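Each of the next two complexes has subunit A plus one other chain: subunit B in the first, subunit C in the second.
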Partner chain A sequence: MFKIAKERLNELYSKIAENMPLFMPIKKAGQVNYGAYEAGVETSVETLKTVKSPKDLFFPQSENMMKFKTEGKNIEVIDIRSEKDAFVLFGVRACDYKAIDVLDKVFLADPVDTYYQSRREASVIVTLACSKVEESCFCKVFGIDATAPQGDVTTWMDEGYMYWQANTEKGENLTAIVKELLDNGGETEVKAQQEATKAVIDELPFSNLDLSKFKPENLNELFNAQEWEEMSEACLGCGTCTFVCPTCQCFDVRDFKTNEGIIRYRCWDSCMYSDFTLMAHGNSRTTQMQRFRQRFMHKLVYYPSQNGGLYSCVGCGRCVNKCPQHLNIVKVIKTLGGKDND
Partner chain B sequence: MTNENLIPKVGVITDIRKDTPDVKTFRVVGTDGKKLFEHMPGQCAMVSVPGVGECMFSITSSPTNKEFMEFSIKKCGCVTEVLHAMEVGQQITVRGPYGKNFPVEEDFKGKDLLFIAGGIGLAPLRSVINYVRHYRENYGKVVIVYGARSKDDLVDIEEIKTEWMNEPNTEVYLTIDRPQDDWDGHVGFVPAYVKELGLNPNMTAVLCGPPIMIKFTLAGLLELGFEKSNVFTTLELRMKCGIGKCGRCNVGDKFVCKDGPVFRMTELDELPNEY
Partner chain C sequence: MKDVEMKMLERAKQLLESGEVARVIGWKKGEFFYDPTPASFETVDELKDFVYDWFCGANLSKYLIQMSKKEGKTAVFLKPCDTYSFNQLVKEHRIKRENVYVIAVECLAKLNIEAIKEKTDGIVKSVDVEDKDVKVVTTNGEYTLYKPEVVLSKCAVCNKTHQAKDEEIILHERPERDVNRFEEVEKLEAMTEDERFAFWKGQLSKCIRCNACRNVCPACSCVKCVFDNPHSGIAAKANDSEFEEQLFHVIRAFHVAGRCTDCGECSRVCPQHIPLHLLNRKFIKDIDGLYGEFQAGETDEGKTPLTSYTEGDIEPKDVFNGEAK
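This part shows the complex of A and B:
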């Protein structure tokens, strides 16, 4: 394990950025989100929860997929995909890192989504363990250890230092680039911090939610639960929860006409929207209750049923913080998750 | 492991047949004049008009047709409206095939087969019926029950009359919803007709049509003693990717594009009723 004094972190970021693009939490217009590190930016790696998760480094909010040129009756399809250069994603928290695993199981499942795959393979991920957590955090419920995230490199931070440990070959290569800035040491400090943080996490209000009822065999019982009506009553269908969610992966594909041809792009979409399932001959989900139910059933029952029990929620708590109506997955878990939530 | 870049192939429309007032059948080949790709009966393809949109359609031609692919398309939305206004020679884009096919080589082999379709619901069944006709010796008796709103709404009626009705060991029953002056065939809804026909419940049945038709026809079949596990149908939900990623066609723990569109009725029973 290595360490670097916090006041030298900008040197570390610069060194990485000299070698490849670096994306990390950046404060801009009063919000912290993942952005490119460059001279003059205000980094904010301490920010526990960026407004948006880092998922758009792999699955951009909007992404051009291909181009068409039409002339008379003829169409030319132009593949605009390009090789992706290696980049570093720095400061990813344990919940968001687990979310990448959740997305991998969707986009890298056969047949592989090549748009996602190219970015995913180009990434070097540096995670940052949590030391200060918030009341809305509940990653522990999903078996995530916020003090020991994986990734190509894991880092920890205390008052004085950032500690650094490479986990993979990609991580070793990154370490070699910044080696001259690093000193040995940190094992004792990291261990002490981990123990202290775990004790705090154990006491968080949502750390012991009961998920035992969310099993494939209860799919229809949960789907037909009377409680959905009441739980969803206040939902505005604004889709904020899906946009801040690190695991939401639904997308739309659209075309737009430009002076240089037609561009087909994909963009994030939300199952909370009324036209998400609208077809020319009807809509399979006509009420907000059905759409609300879909989102949570997918995360807690359908996705795990397709993916060996892995939940499609990582307990980051962004939806808890951002829903304008104070609706969220915690309330759903408390209502339907099992008897230990009473 | 296969890669999917969602980038379609260019297809050329080489023939357009007007089946009904709102259904046209488009014959499509690649720019090299050859078939775009191989498929199995029941599988679908994403057809698009760049600048307008992309939609999933069942491939109505049989895989045994090695020259071209056909899509029977009802005019009912943005993309289909533009398709209907097209002329021969127009290029479109096509990608696929997607989804699971009817188990023609597994469950269907050696069985007596009952096909029940309503309206444009014949499109996916035509692929299976013509496949079965091609390998006729592998299958038992074939019974086809097909209904539409009126006689003008029966898709593929020429092929039904000249080919299907003359096929050995094959019975074809047509019906329309309301009496018409120049129609001397059966009048009535498909579910009632199916019950009237007193069909042998040992057949393997394939249903496709509007949800309401499927619901009542299935009830009728069960009354006649059909086993749910021997009844198949197809689902249709909105799709964008076709490969189980965009999330739209999710029902329970299935994606219709990937795990369907063909489902056994016993499989549908396990899914939440939201399709």
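This part shows the complex of A and C:
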């Protein structure tokens, strides 16, 4: 394990950025989101929850996929993809790192989404263990240890230092690049911090939510539960929860006419939107209750039943913080998840 | 605040028990002490979760578009600012006024939990208000914050009074105060064009196009928004270029101009904290200047500057050329 004094972190970031693009929590116009590190930016790696998760780096909110040119009855399809150069994604928390697993199971399953795959393969992920958590955090419920995230490199931070440990070959290579800035040490400090943070996490209000009822065999019962009406009553039908969510993966594909042919692009979509399931025959979900139910059934029942029990919620708590009317997955879990929630 | 909540609860019980109303719209307790959710209560039993506190910032008036069409009368608790939205929706024939019973409730400003968290360390345990002091207890200790610095942006310059009511529950009068709600707009006006462009570019580029501002907005009551309509030609779920968001927000601001009551919900709900209310407030200030002072939602009837014509109206070219006074 290595360490570097916090005052020298900018040197560390610069050193990485000299070698490959670096993306990390950056404060812009008052809010912290993942962005490119460059001269003059305000980094904010200590921010517990960026507004948007780092999923943009693999699955951008909006992305051009291909171009078409038509001449008479001929259509030329132009592949506009380029080779993705290696990049570093820095400061990823344990919940957001676990979310990448959830996305992988969707985008890397057959047929492989090559747009996503190329970015995943190009990434070197440096995670950051949590030391200050919030009451809206509940990653523990999903078996995530916020104090020991994996990734190519794991880092920890305390008052004075950042500690650094490579986990993979990619991580070792990155370590070699910044080696001159690092000193040995940190095992004792990291262990102490992990224990202290775990004790706080154990006491968080949502750390012991009961998920036992969310099983494939209960699908019909859960789907038909009376409580959905009441739980969704105040829902505005906006996309905030889906767009700040690190695991939401739905997208829409559209064509855009330009002066130089047609561009096909995809962009994030939200099951909360009224036209989400609009098809030629009409819309199979006509009420906000049905849309609301879909989102949580997907995360807690449908996805796990197709992916060996893995839930597609990682307990980051962004939806808990950001829903304009304070509806969220915790309320759903408490209402339908099992008897230990009472 | 507890005394007001008790009074409201008592009244809600009476109204439901007597059958005068079929439902009451208010707020119900959240997971924490700071996250109440708008809710409709149809039985006295459901009222066990009823709450009215320093965090009930949500404007309930838009829910009445649906609720007022239901069977039976709906009682609703409206804060001063909410009544303007209510009147505006009645005026636009979106709410059936005869089906609604308005209980005007006092509001001494609502708190912004995110602002409180920014100014404190540790996990927030409790928040109490004593006059201008907000006493916050966290796992790290106790803090005393200055209330005007931790209220919702919409409350910071509010001097509104109830414009619609069938009865009222007001136990504490809010003192009159000297506030200028256009102060922030004036700061933007004083900027050079380039500075202003940079300001809005920085702010609007954060937009994630979640539509929370539109969906919460009482003035955005179209059954189908142009941005959701595939036949409109401008339907879009995401920005194509880095700064396409200006299109969405500027179109929206134009669309609600003259109807926006300055309820401030757009800025309250924005997950990226974009000060969207400043776009609307600029329009309000300009309308005041060009047509004489006008406050949307002050009444539920009558003509409005942008929807009625008089011979003395300013010529658009004079506005464009900067000749308007």
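The working rule: the second predicted complex is superposed on the first by the 342 of 342 C-alpha atoms of A that agree within 3 Å, B and C clash if a C-alpha of one lies under 4 Å from a C-alpha of the other, contacts with A are read in each partner's own complex, and residues count from 1 in each chain.
Assume contacts are C-beta pairs under 8 Å (C-beta built on N, C-alpha and C of every residue); 3 or more make two chains touch, one makes a residue touch a chain.
Just so you know, these numbers come straight off a predicted model, no measurement behind them.
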| item | value |
| --- | --- |
| Combined model on subunit A where subunit B meets subunit C, clash or fit | fit |
| Partner chain in contact with A:Ile262 - subunit B first, subunit C second, else both or neither | first |
| First (subunit B), second (subunit C), both or neither touched by A:Thr188 | neither |
| Contacts of A:Asn33 with subunit B and subunit C, given as first, second, both or neither | second |
| Touched partner set for A:Glu134, first subunit B, second subunit C, both or neither | second |
| Touching partner for A:Lys322 - first (subunit B), second (subunit C), both, neither | second |
| Which superposed partner A:Ser284 touches (first subunit B, second subunit C, both, neither) | first |
| Touched partner set for A:Lys331, first subunit B, second subunit C, both or neither | second |
| Touching partner for A:Cys271 - first (subunit B), second (subunit C), both, neither | first |
| First (subunit B), second (subunit C), both or neither touched by A:Phe243 | second |
| Overlay on chain A, subunit C to subunit B nearest C-alpha distance, Å | 9 |
| Set intersection of subunit A contacts, subunit C complex versus subunit B complex | 252, 254, 256, 269 |
| Complex interface listing, subunit C residues touching subunit A | 30-32, 35-40, 58, 63, 114, 123-124, 202-203, 205-206, 208-212, 214-216, 228, 230, 237-240, 268-269, 271-274 |
| Touching residues on subunit A, where the partner in the complex is subunit B | 65-66, 68, 70, 73-77, 79, 81, 106-107, 109-115, 117, 216, 219-220, 223-224, 249-257, 262, 264, 266, 269, 271, 276-281, 284-285, 290, 294, 297-298, 301-302, 305-306 |
| Subunit A-touching residues of subunit B, taken from the complex the two chains share | 1-10, 50-54, 76-78, 80, 87, 89-93, 236-238, 240-241, 243-248, 250-253, 270, 272, 274-275 |
| Touching residues (chain side subunit A, partner subunit C) in the complex | 28-31, 33, 51-52, 61-62, 133-135, 205-206, 233-234, 236-240, 242-244, 252, 254, 256, 265, 267-270, 273-275, 320-322, 324-328, 330-331 |
